[in-house]
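Going in written order, the chains are labelled A, B and C, and every chain counts its residues from 1.
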């Protein structure tokens, strides 16, 4: 089997680029995850993982990551992305991602509501949350991105 | 290298949610794969894998999975998703996913046709299939999802 | 942790199919990666990897891969996809993907421009590139796909 991750952090950032993929790449760099090979996952925090906000991961590593993003080429448009981790007291957690044409507060509120529903559906008690959000006013081509990298 | 999976099952389920990602999450829970970290793959059944329908996978595990889904926020709309595994007699198999605004029978027929073409292109004989399908009438925000999780 | 890949190649190909997923599948086969389980990654060439253009990977393997593609069902439309690897002299490289309704030359130029920006942003010198591109005139349903598989 693939080894289950043991560590995580949360991050969010926005950037401009000359084209959509470079805007995405530049937003990843703002989040300090631009030199990694992110493998997108749906989106559970394994039991017992440790929060490591300053973690350094070697370039090119394969990093399971839950993320959400939005790219816009409409100058003046406001975009935002947020991620949130919901913790349980004694079991796994749940990760939710959101992005939209809004501010970061609205994105954070969306995440809180999504985590609440995710825990209600599972009949689990939501013991706490950790949320990261970013907002961006598009100049030419912009990307707002939020991520929960999982690591070892 | 990453270890090649040795087991699989097929699953399909539909659910409502208060927003698109929760509808997706709730559909995953209906499929009994909502507490995993699915890593989406294109879509080969490795040679020699074993069919394990009752398999339990620990929460938070990284699970290579082929899946298809559709989310709709149009009340009254019918949505469906299906997956199918095509088996060969002595080699690997092929997995196909389908989703659309239709019923589960139409989704199943689409899968059968897709598997037939996949085997014809490969000059392989289609020795059998295993298909899972789901259909759903949207109330507010609904998701139909079908998946082939691969495991060890 | 997941093992960091040690080898790579670049590939591009186009194909028709009776439906979108089969067109995608057939394009993967043209690229010689149709019998693998591709796991999509964002898109760094790990330091020290080796270029292995003739590499054979066993069917069903989990293969971290950066790829871009476009599917069209508009007969007569021209579609193209390209990938490019930008190399540094002494560190990791960067992978970029592009797809659009254009020819392969325009796709290649887009990749060159994207790699240039990716290296400028990182304050790294672009020591060389390796690009693969494909173009396709759609008959019924066509897919153009370009990929950088990473392996061990």
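Following the convention adopted for this analysis, a contact is a pair of C-beta atoms (placed from the backbone, for glycine too) under 8 Å apart; a residue touches a chain by one contact, two chains touch by 3 or more.
From a predicted model like this one, the values you see are computed outputs, not experimental measurements.
When chain B is fitted to chain C on its Cα atoms, the angle of the rotation, on a 0 to 180 scale and to the nearest 5, is 120 degrees. Shared numbers divided by all numbers used gives the overlap of an interface; between chain A and chain B this overlap falls below half, so the copies present different residues. Averaging Cα coordinates per chain places chain A and chain B 25 Å apart. Residues of chain C in contact with at least two other chains: 2-3, 39-40, 64.
Within the complex formed with chain B, the chain C residues making contact are 2-3, 17-19, 21-22, 24-26, 28-29, 34-40, 58-62, 64, 151-152.
In the complex of the two chains, the chain C residues touching chain A come out as 1-5, 39-47, 49, 64, 66, 91-92, 94, 96-98, 110, 113-114, 117-118, 121-122, 150.
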